[in-house]
Amino acid sequence: MSLIEIKDLKVHYPIRSGFWNRVTDSVKAVDGISFDIEAGETYGLVGESGSGKSTTGKSVVGLEKVTSGSIMYKGKDITKKSNRKSLDYNHDVQMIFQDSLSSLNPRKRIEDIIAEPLRNFEHLSKDEEKLRVLQLLDIVGLDADALYKYPHQFSGGQRQRIGVARAVATNPKLIIADEPVSALDLSVQAQVLNFMKKIQREFGISYLFISHDLGVVRHMCNNIAIMNNGRLVEIGTREDIYNHPMHIYTKRLLAAIPETNVSRRAEHRANRLKVEEVYREQQDKYYDKDGLAYPLVQITPTHSVALPEDLAEQLKHEGEVQA
Amino acid sequence: MGSNSEFLNIKDVSTAFKINGKYYDAISHINLEVHHDEILAIVGESGCGKSTLATTIMGLHDPEETKINGEVDFEGTDLLKLDENGYNQFRGAKIGMIFQDPLSALNPLKKIEDQISEVMNYHTDFTSEQKHQRVLELLDEVGIVNPKRTARQFPHELSGGMRQRVIIAIAIACKPDLIIADEPTTALDVTIQAQILDVLRNIQKENHAGIILITHDLGVVAETADRVAVMYAGQIVEEGSVEQIFNTPKHPYTRSLLRSMPQLDKENDDLYVIKGNVPSLQKMPHDGDRFAPRIPWLPADAHEKEPAMHELEAGHIVRCTCYKTFKFPDEQGGATA
Amino acid sequence: GCSNSSSTSSSASKAVKLPMAYNNKAATDKSATKNGTLKLAIVNNAPFQGISDPTLASNNEDAQAFAPGGQNSLFNVDKNYKIVDGGLANQKLDRKAKTATITIRKNAKWSNGSPVTAKDVEYVYEVLGNKASTSQQYSSDFENIEGMAAYHKGTSDTISGITMPNGENGKVAVLHFKQMTPSMKFSGNSYIWGYIEPYEYIKDVPIAKLASSEQIRKNPIFTGPYKLDKVVEGESTSWSPNKYYYGKKAQIGHITLNVVSMNNIDKALQSKKYDTVAPSVAGSLGSTDYKNLKNLKGVTKVGQPALGYSYFAFNLGHYDTKTGKNVQDSNKKMANKNLRQAMMYALNVDQVSEKFGNGIKWRANTLIPPAFSKYYDKSAKGYPLNIKKANKLLEDAGYKKRNGSKWRSDPKGKKLVIYFGAMTSSATTEATYQDYLQQWHKVGLDVKYTSGKPVEMNSFYDTLQKPEQNKMDIWLGAWSLSSEPSQSQLYGDTAPFNMGHFATAKNTELINKMNDASAWNDKTRTKTFKEWQEYMNSQAGVVGEQFNYAWQPVNNRVKGFDLSPANTEFYSNLTLTSSKLK
Amino acid sequence: MEENLNRHSKISAADLERLSKEAKGEATPSSAKIIWSEFKADKPAMAALIIIIVFILFVMIASLFINTPKMMETDIMNYNSAPGTNGFLLGADTGGRSIGQQLIVGARNSIGIAIGLTVISSTFGICWGLISGYFNGYIDWGMQRVYDFMMMLPMTMMIIVLVTIIKDYNAVTLTLIFSIFYWEGTSRLIRSRTLSESEKDYVAAAKTSGTSNFKIIFKEIMPNISSLIIVDTTLSFAENIGVETGLSYLGFGLPMQTPSLGTLIANANDPNNITQYWWTWLPAALLIIILCLSISYVGQVVRRSADASQRHGIDA
Amino acid sequence: MWKTILRRILIMIPEVIILSILVFLLAKAMPGDPFTGSINPKADPAQLHHLMKMNGLYDPWYQQYWNWVVHLFHGNLGNSYQYQEPVTRLIGSRAVNTLWLALFTTILTYCFALPMGMYAAKHEGKLPDSIIRIYTYVTYCIPFFVILVIGVWIFGYVLGWFPTTGSISSTAASGLPSIGSRFYHILLPGVLGALFGTVNVVQYLRSEVIDAKRSDYVRTARSKGVPEKDIYKHHIFRNSLLPIAAFAGYSITGLLNGSLFTETVFSYPGMGLLFINSISYRDYTVITALVLIYGILNLLGTLLSDIILSIVDPRIRIQ
């Protein structure tokens, strides 16, 4: 059984208007997505800005009111608040945020920030608690003198590591990492990513890793879901996605990643323009008449793509030929 | 790419900000040239002074809060000696600038058309009809699908990518010789980033302009730039053609940066991490190699006392001689264990 | 001038003596008078209401604002407010026939040129007594006129007791009474209404709407020496001579009257913005104003005792709503006469008047103010400060300090706390209250403010007008009076305004005597009044606090200024000696 | 978890004391300390602070020695005595009552009213704003309708009406009446800041850490808008000192036996007092101005330092 | 947009109803009645009772309220007891005065405040800025009526430049002189009101301009080569004036509040003075009507602000 099973999750934000201020429409931030996260793995969620990644992530930690669908954890649907309570859900599922500054309360000392989940979920003595905090700081590579400082006194990377320390404080099974490094410089990004990996190794944590940086996702994730306009267009292993992308959207996304090999840049660019061209031409084929992605179709046991049946058959066939 | 084509020559420029009554150098002794028909990328971590350099060239600093030394020679004029009026002859006309945050960089209360034509009000004697035409032309040029409609809209009605295109349109409206783009794509998605970079490149080709592209994304540099200057802590540490920088990087900092990038083809190992932090402005070391504290395993004598720029081959310049002995700890025969 | 200043009693010795008239010796400047403007101030904190008709209005400001129009008053009076011939109409009382015959003078005209008729005299009673009338002036006394009660109830459309022998357009109206009273001889009595209505001019307006009609507010007509040119709502009126006036022709080209707030009036007069304030029997200016203005150059101060006084009243009983009578209760806290007298002797009203009155106020020695020069008992002693006597009175009556207390307890030994009611007022007045409380404390009486502080006027009367109340044992109030001195409405046994419910047989007898057959004889009536004053003083149920001058400074360019009630041509007599106000 | 941590961290219980001591040495000064040092650096602010503290202390202590009923006894002989005469340092008013003493007691009363009003209205306004801003949905909707209604009320008029209804009102009732109307501005301000604060990730983080809404509102969000709260509270305190003066001027303020700065300034409604007997009102007016200026100046400094500790970089 | 305005107005209705009931009850709860003030020996209490009954003042409150509402729908707010004329007419004539004064004060306020705010912001941290800020602090701390009283004293009495009471001179001829006279009468209260009213606008504008100065779009404009003068004109002032324009609606509340004081000090016959007078006369109909009108004006003020804002700011479009 998977750690978390997301089934047909929908999150719609109502748009009110008109004379009586009634709900006339809704933003379909997440529109029926399903995927499972296995214990110990890093699951990547990739997509353009506004595609609904954060909303998905927030739903999984229980920060967002879900419109419909279910998120099963230990056999219970945690979209219900009562279930989250009875499971002590957030003891097991935590979150790391994109903006490290805003996710740490600027008026609290580091000790209080890291101890917050401990205080809520585990009832420790003062000394035990302090020891825990010190150990956590040690694990994320910060000195004990951080204890009584405020968030603004740390650099971006350090702050993000504090965020990690808070997230792992209760030894969670799953951490939702919403763009944890996209605000960071290259060298600092490396630092945080390394930490995340290290902690995963040591504590056996799963991540739902949300990002729009395909390079980082590739580095981090075993399984990846590509999200587009509130729906999933493709899910598969890293191998599937990077080497055998099937949906035009995925291909386009991959083609847009800048090429660091200087000598191949002209070639890369030509390839990208070609993909753009194809994307423009074949868009209708890949999306239904509302411009939304089709339901996922399984191509291989690990690889599913949102395609109409016929196209899927055809691509599956081509894929077999290629392979 | 002969030196005859160079039109911007930054000579020994330092900019210092006043903090609590004292001046601190944000950039020090920068020397750079920009040529026609090239994209010069400036890379470096956050806070290393990239934007400061750009705004220094544009003369956008508050004279009471900053102290600027050196010479910015633009087509024979030292920009730094100009007064406000004199500068305005260049800004917008001969130098265009593109800012990072596409939403806040546009006046929220003015129509797109007005914001673009404003720059022409001061630098051309177009009639309003001509200006209108030019606006549509520009919008088309930066890849906006429906220029007529967009011209009538307000910034908040446009997506981030569209807004960035509008800002580019403003920057190129008067066909400037130099375009300074300060992180033009950082706030954008990869696909849009690619499109914007294409637009920039096309413009540079058409106008034969020189572009200073400021970014911290090495991928963008590799894809777009002709020449690269790597900055660290307010100084240029390495400069060279894009091939030189990416294929034979010399300076430890450049090499570290490249090494900490997640590589598409290398999987799942730990990434390289540069030790320590970028020092803040007030704590910036002022003598010796500023990067030295972050490669502590290299013996002090590997660094020059007063690090100077060394030209290795045509156009490839490196600060300090430490590059000669520098090795990563895990490399065979590293300097220290 | 005819100095008619009345107060010579000891208590008033410190009072200033002001002439009633400003005898300006300077020559009248004819052209200044003709072209100039006499500027009068109406002292009031609120804009005036703008009801030009005294039958409908119930306030002083409107009366002042429309005074140059003559107010449509019917009769001339002498200095005692007794009705005399020579006015718009003459009145003849016939005791046998129980009639009053009102004969309008031949040449009387409204300011629009139409003649004054008998109907005008009759119609005023219709307005007054109409069921839907908004007038507050109606009183049950008018039901003494035959048929008035029926008209007021609405059972009759006309008043049968008013006849017009020569028809509506004639000049004679006759009132038929059920009973005649001597007060009918005086203006301001509550039986014969001293004003008229321009029937022709207003007949189309329903009486209920009269007060808000254009005819009354915007373009009213008058019978006096001046006609109204313009009224700025609530702020000012301006006047010019009325060529139809029957009497002495008006001389001044323009008169304006402006409302000025009490706060501003001193400054306004000091900066010579006004010639004087509009005269009023109750007086517009107070003692503080006097202090501020007494040394003002270029003005002369004139004044006369005001028609009013302030008083202390004690709570002595209740009003029986069934019988409509005031009943005294012997178990009331203040039922003991000694206690009341002692409280009055404890007060230093003379001292207070001297300090704050600036000569404009002095201790009231009786309940009839000196304005009624004929009835006023100047020899009455009243209650001058006498702490010793106060203490003795209390001791005698058994109000002793017991158990070492600093306060006296009542004769039964119970704790005695007396509640004093007073209305919020100026700082000086409230300081005076404080002083009184302290005086009472000096004789060992624990007197406290009702509800801890002076209360606002509405709450004050709200409490007092209840048929029975126990919140105020003694209070300080004030009355401004009609020019007819009968006391029945204030202190009669049936008077609802008798809020202390002081009602003894003797008092009732005396008050009735003021208006019974014997009172037709002026001498007897005067005697009755003096007797009553003495009786009231001896009982100390209600005791006068202060009298005051209605005074005003008059700019020295004004000539012919005379406040005497007998000066019936007040506005016609005014002239100016210079065109500039300085 | 514990074993997990012990396994991966070199730190054990033995190091606890040493490390926490180390950390203490490096601890950042608390914001109170930062504010204090800001005051020390800013001489005028220090002066203002001292003025306020000394003044309030003086008034509180001195008024203990003044017998108010006795002071309010009239002595008509001293009617409007000029300053320096008849033993009145600051003169006497119409009732011959010492202005100096009234000033002390009056200031105490006014400050008392201001403190009471500020405490009640700010506490209520802050709670209301926080709750309304934090919870969206029906709670906020309902609370906002209350705002709309309050916004519509003509405040001074309503206060006047209420004051006339309540016959025996005193300083306490007056304070309560004011409080009914004065919380709204604060509340609105707090609400808008709470709204934007609730969007921030640290609130989401607190939620995922299992912190209750109540705690999030008062322990997470409230400290973050504390500088706003401090500034708003000081400013409204400054404003509240003068709040009852206007009413007294119109004749609906405190009774004359309860001296306050308002009743004293209300002496100015008589133009004669303005010019001739200036001592009856001017000292009170000056006092209000100086107090208000000092308080708002102090508020500014507090805000400055509070902001600095929030905004400045690593080396703040 | 019209729909939204309509909806906002519909939402206002229950608020106005609640306010009307509230005010109605409060007014009745005041001790005394409209005829208490007429207590004098000339008035017969029986007649006063008769008048009370005639006016339904002895009815239970809901009955009175209902009658009042019924009349209201006939455009009739009842009769003033004190003035004995329809409240609508009475308030109508006073409202004109108040509105003139309010309008004039508003105009003056902005005339004073805009240059001050901009100048202060433009020279942020320099001497003129400090002076203007001290000015705003001082006026913020002085109670409004003290400003009025001192103003009247100096300019009305000592210097004698301005009239100190009323709204128009009694001698002014109609036509131009009467307008002139009205203007002359509101000049001093208007200026004093404006001096007081500037505080908020100045502070608000100042911080808006300072924010705008530091904004990115101003930097963009600089990089276009727009001269400093034009940057202020086209970008900074324009952008910071917009929220100020919306402020105008909200400032109605302050003006109305101030009218109680201004009109009292200047004996200016407007709605504020009428209210103060009506309170002591217990003129229920007038009190109720005035509180309601002030309430509705406050509501309209906020609505006006929202409308202005949505018109001038393209980002806010109420659907």
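In order of appearance the chains are A, B, C, D and E, and numbering begins at 1 in each one.
FYI, contacts are C-beta pairs under 8 Å (C-beta built on N, C-alpha and C of every residue); 3 or more make two chains touch, one makes a residue touch a chain.
The shown structure was predicted, so the numbers you read here are calculated from the model rather than taken from an experiment.
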With one step meaning two chains touch, work out the least steps from chain C to chain E. 1
Work out per-chain C-alpha centres and flag the one nearest the whole-protein C-alpha centre. E
Return the chain pair with more inter-chain C-beta contacts, choosing between C-D and A-D. A-D
Between chain B and chain D, what distance separates the C-alpha centroids? Give it in angstrom. 50
With chain centres taken as the means of their Cα atoms, state the distance from chain B to chain E in Å. 55
Distance from the mean Cα position of chain C to that of chain A, given in whole angstrom: 91
Just give me the whole-number Å value for how far the CA centre of chain A lies from that of chain B. 31
Chain E, residues touching no fewer than two other chains: 30-31, 152-153, 157
Which chain A residues touch at least two other chains? 155
Expected list for chain D, residues touching two or more other chains, is 164, 167, 269, 271, 313-315
In the complex, chain E residues that touch chain C: 30-33, 35-48, 50-51, 54, 79, 82-86, 89, 93, 152-153, 156-157, 160, 164-171, 267, 269, 273-274, 277, 280, 282
Footprint of chain E on chain C - complex, ascending: 37, 45-47, 49-51, 56, 58, 131-132, 134, 136-141, 188, 190, 211-212, 217, 230, 232-238, 254, 256-261, 264, 267-268, 270-271, 456-459, 461-462, 465, 479-482, 489-490, 496-497
In the complex, the residues of chain D that touch chain E are 145, 148-149, 151-158, 160-162, 164-165, 167, 238-239, 242, 245-246, 249-250, 265, 268-269, 271, 274-275, 285, 288-289, 292-293, 296-297
For the complex, which residues does chain D have touching chain C? 72-74, 76-77, 79, 93-97, 164, 167-168, 170, 251, 255-257, 267, 269-272, 276
Per the touch rule, the chain A residues reaching chain B in their complex are 48-49, 155-158, 185-191, 193-194, 197-198, 212-216, 218-219, 242, 252-253, 255-263, 265, 268-269, 272
